[in-house]
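Note that chain A is present in both complexes that follow, paired respectively with chain B and with chain C.
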Partner chain A sequence: MELPFFFLFGGAMVLFTLLTMFVKNPVHSAIFMILSFASTAGLFVLLDAYLMAAIEVLVYAGAIMVLFLFVIMLINLRSDELEGMKVNPLMVLAAGTFFALLHRAISDLGAAVDPVRANTFEGEPKVVAKYLFTEMVIPFEAVSLLLLAAILGTVVLARRTRDA
Partner chain B sequence: MSFSEEPLLYIGVNLAKIIIVTHVVLVVCAYAVLAERKVSAWMQDRVGPNRVGYFGLLQPIADALKFFFKEDIVPGHVNKALFVLAPAIALMPSLIVLAVIPIAPPVVVMGHTVPMVIADLDIGILFLFAISSLAVYGVVLAGWASNSKYPLLGGVRASAQMISYELMLGLSVVGIFMATGTLRLMDIVNLQVDGVWNCFYHPIAFIIFVIAAFAETNRLPFDLPEAETELVAGYHTEYGSMKFAMFFIGEYAAMFGFSALVAVLFLGGWDIPFMSSETFASLGNWGAVVGFISFMTKVLAFMFLYIWVRWTIPRFRYDQLMNLGWKVLLPIALVNVIITGLFNLPKGS
Partner chain C sequence: MNPAELFDIFGTEVFLAVLALVLIVTDLLDGGGKLTGASEKTRFVTYAGLGAILVSTFFLEPYGDGQFGQLDSFAIFFKQFFVATALLVMWLAAPYEVRFPAGRGEFSMLIVFATLGMCMLASCNDFATLFVGLELVTITLFMLAAFRPGLPRSIEAGIKFVIIGAVAAGFMVYGIAFIYGATGSFDFAVVHDVIVSSEEMPGALQFGLLMLLVGLGFKLGAVPFHVWIPDVYQGAPTPVTAMLSVGSKATGVLLMMRLVYSILGEAAGQWTALLMGLAFLTLLMGNLGAIPQTDLKRFLGYSGIAHAGFLMLALATGSQDSANAILFYMSTYLFANIAAFLVIVVVSRTADNAHMDRINGLANRSPFLALVLTVSMLSLAGVPPFAGFFAKFMVLRAAVDHGGLMPVVILSLVMVVVGLYYYLCVVKRIYMREAVDSSVLEMSGWTRGLLLLCVVVMFLFGIYQSPLVDFARAGAASLF
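Entry: the complex of A and B
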C-alpha cells in the first residue's frame, strides 16, 4: 500500500526539485520549489510524521516561499536580465562546503530519531516538545541566536547601502 | 469504525461527509453574498436586490448563471498558465480546511458511532494553519500573472499582509493549546462543552484572533490587496466570468472557514450554555441535530459580524496595517502567551 505512494511523492519531489533548478523564469522556479516541499510533506505523512508534514507545509511552503515570491515580484527581473549569471569558483566552493557540512550533520544523526517510533508513544507534538525543551534546549537557543544575528546583519547591510 | 475493519463503509461514509460539507458551504457562500448586499442596503437605507424571486432570494442562482454564461476572457498580456491556475489556488485551501472542523456531536448510524468531522487529525489545528497559509498564493500569483500594475501591487500587498497576520493568528491560539494540552479540534470542543468557553478563559487571544482573521481573509478594514479606490480591484482587476467568481467564492469560503474556527476554538463549537456532553448524549441523534444548529448559529452570527464590520469601518492605510500588526498585536500576543503560561504552570513545579 505504501510503496506506490512512496514512488509517487518521491518521484514528484525529485522532478519538481530538478525543475526548480532548470526553469528560466524565477517565479516558475519558486512555484516548483513549493510543489517539491508539498511532495516532501507527502513523504513525511508516509512515515507517520504528521507534525513534520504540517510544519513543512506551514513554514516552508506557506511562509518562506511567500517571502521568496514577494522579493522576486518586487525586483521583477525581465528575462534578458537573467542571462548574465555565470558560475564562478567561489560559488562552487561555497556549495561544496555546505554540502559537506550537511552530509556530516546527517550522517551524525544516524538512526537517533525515528519518526515512526516517536509517533507511536504519546502523540508526536509531545515527543518533539519534550526533546526541544530538555535535551535540545541549548542547540535550539543557539540556532535562534544565529538567526537573530543573521537578521541584524541583513538590516545593517541594507542600511549601509541606502546611506551611500 | 476504521479503514482496516470495514474499508467500503469507511470510504462511503467519508465521501458522503465530504460531499455534504462542501455543498452546504458553497450554498452558504452564495447566500452570504446576498446577505452582504441586503445588509449593506439595510445599513445605507436602501432596498437591495429584490427583483429575482421573493425578497431577491433567487439572486444567487441568477448570479451564478450569469457567471457561467459570460465569455471567459484571458487578456493577451498575461502569463496564461498561472493566470488560469490562480483562482483555483485561491479557492481550494478554503474548502480543504473544512475537513478538520468538527460540526456536531457524534451520530450513531446502524450501530456505528460516526464522528461529525471528516478527518479527526491529531494535529488538526496545525493542518488547518498549514493549508490556509497556502491561500495567499492564489492572490499573489493572480497579481503577478496578470502582468499589469495594479494587480501586481495588490499581490505584493497581500503577501506581506497575510504573512504578518498569520503570525498573530498562530500566536493567539498558543495559549489555548497550553491550557488544553491538545491540538485536536474535537478534544478542544469537548473540553468546552463540559467546561467554560475559551473566549472567557482567553479573552485577549479571542480579540487578537478575530482581528487577524479579518486580515487573513482580506476583508475590510484590511482589504488592502483589492482596495478599489486605490488599486481599481487589486489582484483580480484582470479577471472576469467564472474565474472572478472563484475568487469571490474563495473569499466567502475563507470567511466561513474562519467563522467556523472561531466557533470551534473560542465559542464552544456545538455547545449550548448549561448543556453538558451527557445532555447531548441523552438526546441520541437529536443531540447531533441540536448541536449542528447551535454550531451553524455561531458561524452565521460571526459571518454577520464580518459583513457588519465591512460596512461600518473605513479601510486602514498600509503602514497603519503593518504598525498594528507588528507593533501592537504581536507584543500583546506574546505577553498573553507568557501570562497564560504563568496561570497554567505544570502541576508539581
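Entry: the complex of A and C
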C-alpha cells in the first residue's frame, strides 16, 4: 500500500525541485520549492516520522519560504533581468561525480543497521523531546548559545554605523 | 545524567559561557546607554576572564570517555591552545579596536563564543556535538569577518565566507546522516568499531566519511576547499584574520586528527593515498599562490594554505610521531602568525588595506618591528634557529620514517625552498626598499610586550625544543 504513495510523493518532489531550478521567475521558483517541501513532508509521513513531517511544513514551507519571498521582493528584479539557471559542462561533471558516489553509497548500505529500527521512534514529539533533553543535551544547550551569538552579531551588523 | 560528569568534561565551556554573559552585562552597564560603548571595563573583564580560564585549563584532569563527551590529554591540549589563542587575539585586537566605531564589546563576546565552540569540539565524542560546535565557531566567525560593515571588502569577505561555509556545512551534515545510517550511532567509538570490525567499509559509511572530510577540509583550508581563504583573509578585520588563521585552522586540525587517529584508527591506512594526494595539491597551491601576492593578509592566507599542506602530510602518515609533530607545528605557527598580524595592525594603523608597500623600509622606521616581522617570516619559512624549523623537521621526519609517499615528501622539500623565496622577499622589502611613508609608528607598551613575547617564544623553542616537544607528546599521547 505504501509503494504507490512513495512514488507519488517522491516523483512530485523530484519534479518540483527541477522546476524550482529551471523556471525563470524567482517567485515561481519559491512556490515550486514550497511544493517540493510539502512532498518531502509526505515522504516523512510514510516513514511514520510525523513530527518531522510537521516541522518540514511549519519551518521550511512556512517560515523559511516567507523569508525567501521577502528577499525576492526586496531585491525587486525587473522582468528583463530574469533568467533561469544556465547549465555548463563543469556543473554536469560535478553533479555526475556526486551522483556516482551517491549511487555507490546507497547500493552498499552495510549490515550494521536494521532498517526497521528507524521506526521504533514512531516520530512522536515525546520520544524526540526525551532524546533531545537526555542524550543530546550538550548540543541542545550549545544551540541556544549559538542563537544568542547570532542575535548579538546580527544586531551589530545591522546597526547603522559611522564606519567609513 | 550526572551533572558532575558534565562539569568535569565541559567545565571550561561553562566558564566561557559565563564570561560571555558577564561581558554582555558589563558592556551594557559600562556603555551608559550609548551605542558605541566605552570598552575599558569590558576589555579588562575579557582579559581577566580569559586569563583565569587559561590558568584553570592547566588544572584539568583527564576524565576519559563520558556519556556526553570526552576529556583526554589531547582535548586538554587543544583547550589550552584555543583559550591561549583567544587571549592573544584579544591582546592583538587592542590597538585595532578603535576602528570598530560600534560593537567593541560585542567583538569580545563573539570571540569568546567562538572559543567556546572550539573548546566544545576538543571534547566532543559524537557527531551531533561536533556539528553544533563547528557551527558555533563558523557562524560566529561569519559575523566577525563582516565586522566593519562600512567597508565593502569586509562585507564581501563575510558574504563569501557565509556562502562557501554553508555549502561545506551542508555537505558535512549530509555525510553525518550517511554515517548514522550505516552505523546506527552518532558515537565516535561505535563508528570506530564498525569500521574496524568490517573487512571493507560499507559504501554508505565511506561516502559519509568522505563528505565529513569536505567540511573539515574547509576549516583546515586544504585544497580543493581553500577557495574562500584569500578573499576572506584579506577582507576581514585583521584580528579576525588572525583568529581565522590560527583558531579556525586548529579546529580543522583537531577534528582531522580525531577522524584519522581515533575514528579510522587501525583502518587509517586506507586513507593514506587520499590524504597524501590532498597534501600534494595543498602544498603546490599554497606555495605557488603565495609568490605573486601584494597584500600582506592575502599573502599570509596562501602561506596558511601551504602550512595546511604540511599538516596534511603529517596526518596522512598516521603515526604517533606525526601527531606529536602536528601539535608542535600548531604551537609554533600560533606565535609566528600572531606576531605577523600584530605587525600588520601597527603598520597599517589608519589605512584599511595591508599592501606590502607598507612594510618597505620598515627597518629604518622601527627596527624593533622589522626584527619581529623578520623573525616571524623566518620561523614560518622554517629557517634555523627558529621554532618553525624544528616543526617542519619533525613533520618531514615523521613522513619519511613512516612510509610517506616519496613523491609527496620530495615535493614538500621543494616547497620548503619555494617558501624560503617568498618569505625572504618580504624580509627584503623590510631591509632593502625605501619607505613609502616615513611617519613614526606608535605602539603601546602592551603591544610591545606581546611582540616581544612572540619573538622570545619563537627563538627559545627554536634552540631549546624539548619542553614544547614534551608538551606536544603529552597532548598527543591519549590518541594512541
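One rule holds for everything that comes next: the second predicted complex is superposed on the first by the 97 of 164 C-alpha atoms of A that agree within 3 Å, B and C clash if a C-alpha of one lies under 4 Å from a C-alpha of the other, contacts with A are read in each partner's own complex, and residues count from 1 in each chain.
The rule is simple: contacts are C-beta pairs under 8 Å (C-beta built on N, C-alpha and C of every residue); 3 or more make two chains touch, one makes a residue touch a chain.
What you see is a predicted model; the values in this text were computed from it and never measured.
Asker: Considering only the touch criterion stated at the top, classify A:A94 as touching first (chain B), second (chain C), both, or neither.
Answerer: Neither chain B nor chain C is touched by A:A94.
Asker: State whether A:I106 touches chain B only (first), chain C only (second), both chains, or neither.
Answerer: So A:I106 only meets chain C here.
Asker: So, A:Y50: does it touch chain B (first), chain C (second), both, or neither?
Answerer: So A:Y50 only meets chain B here.
Asker: When the two structures are overlaid on chain A, which partner does A:I34 contact: first (chain B), second (chain C), both, or neither?
Answerer: After superposing on A, A:I34 lies in contact with chain B but is clear of chain C.
Asker: Of the partners chain B and chain C, which touch A:A150 in the superposed model: first, second, both, neither?
Answerer: Touch status of A:A150: second partner only.
Asker: In the superposed arrangement, does chain B or chain C reach more residues of chain A?
Answerer: Of chain B and chain C, more residues of chain A lie in contact with C.
Asker: Can A:A129 be said to touch chain B (first), chain C (second), both, or neither?
Answerer: Neither chain B nor chain C is touched by A:A129.
Asker: Applying the touch criterion given at the start, work out whether A:A63 contacts chain B, chain C, both or neither, answering first, second, both or neither.
Answerer: first
Asker: Touching chain B and also chain C: which chain A residues?
Answerer: Chain A residues touching both partners: none found.
Asker: Per the contact definition, I'd like the list of chain B residues that touch chain A in the complex.
Answerer: 79, 82, 121-123, 126-127, 129-131, 133-134, 136-137, 140-141, 143-144, 152, 155-156, 159-160, 162-163, 166, 183
Asker: Which of the residues in chain C end up touching chain A in this complex?
Answerer: It is residues 1, 6, 10, 17, 20, 24, 35, 67-69, 99-103, 106, 109-110, 113, 116-117, 120, 128-129, 131-133, 135-136, 139-140, 142-144, 146-151, 158, 178, 181-184, 194, 198, 201-208, 210 of chain C that touch chain A.
Asker: Over in the complex, which chain A residues touch chain C? Could you list them?
Answerer: 101-102, 104-113, 117, 134-139, 142-143, 145-146, 148-150, 152-157, 159, 161-164
Asker: For chain A, which residues are in contact with chain B within the complex?
Answerer: Contacts found on chain A: 27, 31, 34, 50-51, 54-55, 57-58, 61-63, 66-67, 69-70, 73-74, 76, 123-125.
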